[in-house]
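Each structure below appears as structure tokens.
Each of the next two complexes has chain A plus one more chain, namely chain B in the first and chain C in the second.
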Partner chain A sequence: MKARRISAIAIKEVLQVWRDPRSLMMALLVPVMQMLLLGYGVNLDIAHIPTCAYDEEASPDSIDLLKHFQASRYFHLVANLGSERQIADAIDRGRCKLAIVIPADFSREIAMTRHASVQAIVDATDDNTATLATAYARAVVQGYANDVQADLALRLAQAPAPAAIAEQSRVWFNEDLDSRNFIIPGVVALVLALVGAQLTSLTISREWERGTMELLLSTPVTPMELMIGKLLPYFAIGLVDAGICLGFALFLFAVPFRGAFATLLFTTSLFLIVVLGIGYLLSVLIPSQIGASQMAMFATIMPISLLSGYAFPIDQMPAAIQALTYIVHARYYVTILKAIFLKGSGVAALWAPIAALMVYAAVVALLAARAFRRQLA
Partner chain B sequence: MSSTIPARATAIQVERLEKRFGRFVAVHDVSFTARSGEILGFLGPNGAGKSTTLRMLCGLLRPSAGRALVDGIDVARDPESVRKRIGYMSQKFSLYQDLTVAENLRFFGGIYGLAGAHLTARIRYALQMAELADHAGSLVSELAGGWKQRLALGCAILHEPRILFLDEPTSGVDPLSRRRFWDLIHELSGAEVTCVVSTHHMDEAEYCNRIALIDRGTLVALGSPAELKRRSLGGELLRIECTPLDHALTALHDCALARDVAVFGSTLHVLVEEAGASREAIVSYLAEHGIRNARATRIDPTLEDAFVQLVGRGERPPNPVRQPVAARAAGARA
Partner chain C sequence: MSELLHRIAQILVKELLELRRDRWARFRLIVPPIVQVLVFGYAATFEVFGVSTTVLDLDHSQESRALIASFEDSSRFKVVRVATTQQDAEGTIDRSQAAIALVIHPGFAQLLRKGQSAPLQILVDGTNSNSALIALGYADAIVSTFSQAYQSDFLYRTQPASAAGRVEIALDDRPWYNASLNSRWFFVPGVIATLTLVMVVNLTAFAIVREREVGTLEQIMVTPIRPFEFVAGKTIPFFLVGLALVSIITLVGTLWFEVPFRGNPLVLLLGTIVYLLSTLAVGLAISTLCRTQQQAFATNFFFVNPMFTLSGFSFPIASMPPVMQWLTYLDPVRYFLVIIRATFLKGVGLEILWPQLLALLAIGGGLMSLAVLRFRKSLD
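Our next item is the complex of A and B:
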């Protein structure tokens, strides 16, 4: 392996990228667009659930309960309905996902028995949203009940009966329980994997398509030299892309960052080597630029968005699918990024995913060097 | 192989080389040697197997059978070492069009391991040789065909290879540029660089020291242009001017005097034992067959005549003269 040959190839690649400003712009703009789209688009939090109310009583008590719903950021009261039938209609038409029905004897029941019921009708087409909506609704009603009790106690001039066990929970790492904090680091991994594989998926196929490969093969350059020389400039572009993505995560989406910059740089570089290597491997295997580029897209977007755990937790998947996630390179980087961002973990705590990425990089490099055709036929 | 070739070193030795792609035999049983500093031309029609042979010699294709030694190294066993010692110009122009002249030279210099003052000196030499010194900063895509070819040659000789393989280096290049290109090849040959050049231009073959006639994957004949012309025919040539040409052609096919007949433009070339005696006989033979305006002239054979004679024209059965001629041509080198 000769440094001279590697640098000759690297310089040539830089010149070619430089002479083709469109592809350079793409390499820098695509991550910006993807960060914005995925960053804003993927949000597992539920807020402003469109809610209808059917208040049969319309008493001060029932209106007070509905005000509790209005005050909650999880619900957005879109309409007051006049009949039971209208509820079904509103849900069918998608005007609301939740309907609150307050019976005509609501305040009387409270006054008489201290036990009143409210009905919540939920559109459970999206079961995740339905479960959360029910839970949030229960919490709102509970809050209202507490207020009523406190009020009553005040009126009767006696202390309210304290609850037997009070739960004091404290949330770690993502204190706001904001799903964005959890997802954005994953989005960074997804975008880098996509862009990185695209960057290098064209390098070898371009030489074949332009007819420059035959001459290159007649020279003493080795597959390893060619690979390193070609990957170096794209590694630099990849680092810029990583800077863009991480910058968006930190400053636009304001994800808390508790780790060390050096850990972030080291692990990001490692991940870049893996994704650039995968693009290069595809480029070696598929001699047409379009084919290689499409394959890079296909091989990246599906497995990563589904199996990397960036949005959908891996430990909730069936065991067979969980096993499958181990071959998804982004899985390790998602784990690393979430840990660095939210927990401030260092290299020592992250040794396992780091080692996995190292093995991945070595295997991809070896495969690419072996797959490289040194002859024409 | 016992040899009357002078004691100059053997640069290339090819023994019974063969290349098959599936069932198709692209190169069959090709053997030859080239000595140091020789210009060896591969002459043959498109698809004859010239490029395939060159690619095997460059280590770009693995031979299916046989052996090829380039500068003493077996191309099948150690293509890496071969690559360091050769320069190659592929048939399709394959420099980087989006790089400048100087950037291409610097790239290939780096690939061949040159650096520093040595690289600078070699680039200066290549620019001067290719007459591109004033265009070092031009993008290759903007260069004319002849200039591109000279640059490709410049890139191929940066590392001072002892053997050059040039695959149709002058295709698509204007005649003046072609002439200049061949001057460069002769200069290199003078510096003891062995040049193997493929072409389908007959006139270019005249510039070679020796020519290997290749047709349908086989080496038909090997010798200097003069030898091939003189000895391939095994007779003398008459040019017949007459009308209608096709009648005369049919008639002469059955003429005992005419060993072979071929159409050359608006005339016929007829191979005869001895031109002086046959001239009158042919004219009167044609007259007997209703062609009364025939004129016969003795001409010196061109390489094209030799080629046609040696290779045949595909649609006709092999000429009986062909085998002995090929054998004699082969004998010329032994």
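Our next item is the complex of A and C:
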């Protein structure tokens, strides 16, 4: 292996990328576009849920309960309805996601038995929003009940009876439970995998298609030198992209970064090797540029956005699908990124996913080298 | 008129012949849709079951065991470890062995028996904020049920005269249209819109760019076929492909995943037809911007990706910043998703969905006229 031959190939590749504005655009514009789109667009936190009220009683008590909803930042009261039918209509038309129904005997029940109930009708077509909305509504109703309780105790001049169990919850790592902190580190993996595989998927098939492969083969360059020389420039581009993504994550989206940059650099380089290797492999196997880049797209976007755990928790998937996630390279990198960003984990704590990425890199490089030799034969 | 139809039909036959000969294209038409629906159906879920839980019971009382048992009985939590020290419990969260830890300190039962408030400490790994939030909600529900039962029992035993007790207001939640809050019912119908978008835009753009790249576009243009007829002949096959995709996914969704279809299939068909107009127009527009298939591929990505992200397919539009929410109004996928989910789950018809249909028609019509104009210009 000669450094001179590798650098000759690398310089040729740099010139080619430099002269092809579309490749450059793909390399620099896509990370920016993806970070903006996903950074702002991928958000599970809900607030200001459009809410309707159907107050059958219209007493000071029921109006007070609705005021509690109005005061919560999670709800936005959009209408007061007069019948059950109107609720169905409002939810069908998407005017509100939640309808609070206060029964006609609401305050009487509280006065007589101290037990009452209100109904929350929620549009569950989006089940996640529905689950969260119900939990927030329960908290509002609980808060109202506590106020009524305090009021009552004051009037009867008793000490208020405390709740039997006082929950004290402490949230670690993502203290404000901000979904952006959870999603953005994963988006970095998504962007790198996409751009890396796209750029390299063209590199060999382009040579085949243009007939320059024969020319390259007549030179003394070996397959290994060719691979390293071809991938080096893309590795540099990948690191620049990683820098762009990191800049967006830290400065625009203000995701906490608690780990060490060295750990991030090391694991990112490892992931880039895997990603570039896959693109190279596809490009060796599929002789047409368009076929190679389509396969690269198909082989990255869906598995990564669904099976890497960047948004959908892996532990909630059926066992067979969980097994499938182990062959998705981004799974390991997403785990690493979330741990570095939020937990501040170091290499020692992350040895398992790092080892997995290393094995992955070795296997991909081996396959690429072998496939290349077979294509020549 | 008959001549016009005849010429369109000829292009159509030519396209279908090409499609039949291209085995790779057939693979791309059939396999990805089925794989996508299956993976989405199984993998895409925001539901929370069996949260890995560590328990640390330093009180060892009947009460503390009863509280832990009520967590064990819930399908939402799964006790994976019984810790013996606070450090041990915190370590399981640190090492991601458990997502939540319940800590009961000594003296828990004593406080309860005195009628005082007993603390329960809950530690949560907030890395996945959505799951953490939902898990906390479930924990809250379990604790307050336990707490209320204990309290009323306690008051009944100690002061039967004033057994009214604390004010309790129950929230009786009624999730409509998806009573068991099944994520699959949300995602599987949605795949109809996103998959058709990706496939139809892709196929249309490539079919025309290929002709341009290979040089057969010029050949066709010297025949008496007019641009409009060419466009119609080129897009109708992909229109049919789109209809086939929608049917395949609807069948897999209803038969395999048992997602209910409560509305009128004709409403979905109407929505599909109008929606396909937009996707064909986007494909056509991309084809006018590109000279080579490689360019078409990259341009495709720049169009399809934002349309996908802004559609509300998996992440609620209401949670996006205002500027982005405005942009979603330009996205045809947004409206089609509303139509799909409403026909599948809500079972409502045109009386509710007419605004979405009109919006789709306007966007599709506008895009199509722009694309056809551009296409004619790109021939000169």
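The definition used in the following text is that the second predicted complex is superposed on the first by the 370 of 377 C-alpha atoms of A that agree within 3 Å, B and C clash if a C-alpha of one lies under 4 Å from a C-alpha of the other, contacts with A are read in each partner's own complex, and residues count from 1 in each chain.
As a working rule, a contact is a pair of C-beta atoms (placed from the backbone, for glycine too) under 8 Å apart; a residue touches a chain by one contact, two chains touch by 3 or more.
The model shown is predicted, which means the values in this text are computed figures rather than measured ones.
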Chain B versus chain C as contact partner of A:8, first or second or both or neither: first
First, second, both or neither for A:343, with chain B first and chain C second: second
Chain B versus chain C as contact partner of A:291, first or second or both or neither: second
Which of chain B and chain C A:221 touches, first, second, both or neither: first
Contact breadth on chain A, by residue count: chain C or chain B: C
First (chain B), second (chain C), both or neither touched by A:107: neither
Which superposed partner A:283 touches (first chain B, second chain C, both, neither): neither
Which superposed partner A:268 touches (first chain B, second chain C, both, neither): neither
Doubly contacted chain A residues - partners chain C and chain B: none
Touching residues on chain A, where the partner in the complex is chain B: 2, 4-5, 7-9, 11-12, 15-16, 19-20, 210-222, 374-377
Touching residues on chain C, where the partner in the complex is chain A: 24, 28, 32, 35-36, 39-40, 42-50, 52, 67, 93-96, 112, 115-134, 136-137, 139-141, 143-144, 146-148, 150-151, 154-155, 164-179, 181-183, 185-186, 206, 293-295, 297-298, 301-302, 305-306, 309-310, 314-316, 318-321, 324, 338, 341-342, 345-346, 348, 352
Chain A residues within the chain C interface of the complex: 22, 25-26, 30, 33-34, 37-38, 40-50, 91-94, 110, 113-132, 134-135, 137-139, 141-142, 144-145, 148-149, 152, 161-175, 177-179, 181-182, 202, 289-291, 293-294, 297-298, 302, 306-307, 311-313, 315-318, 320-321, 338-339, 342-343, 349
In the complex with chain A, residue positions of chain B that touch it: 21, 55, 58-62, 79-80, 83-84, 86, 88-90, 92-99, 103, 106-115
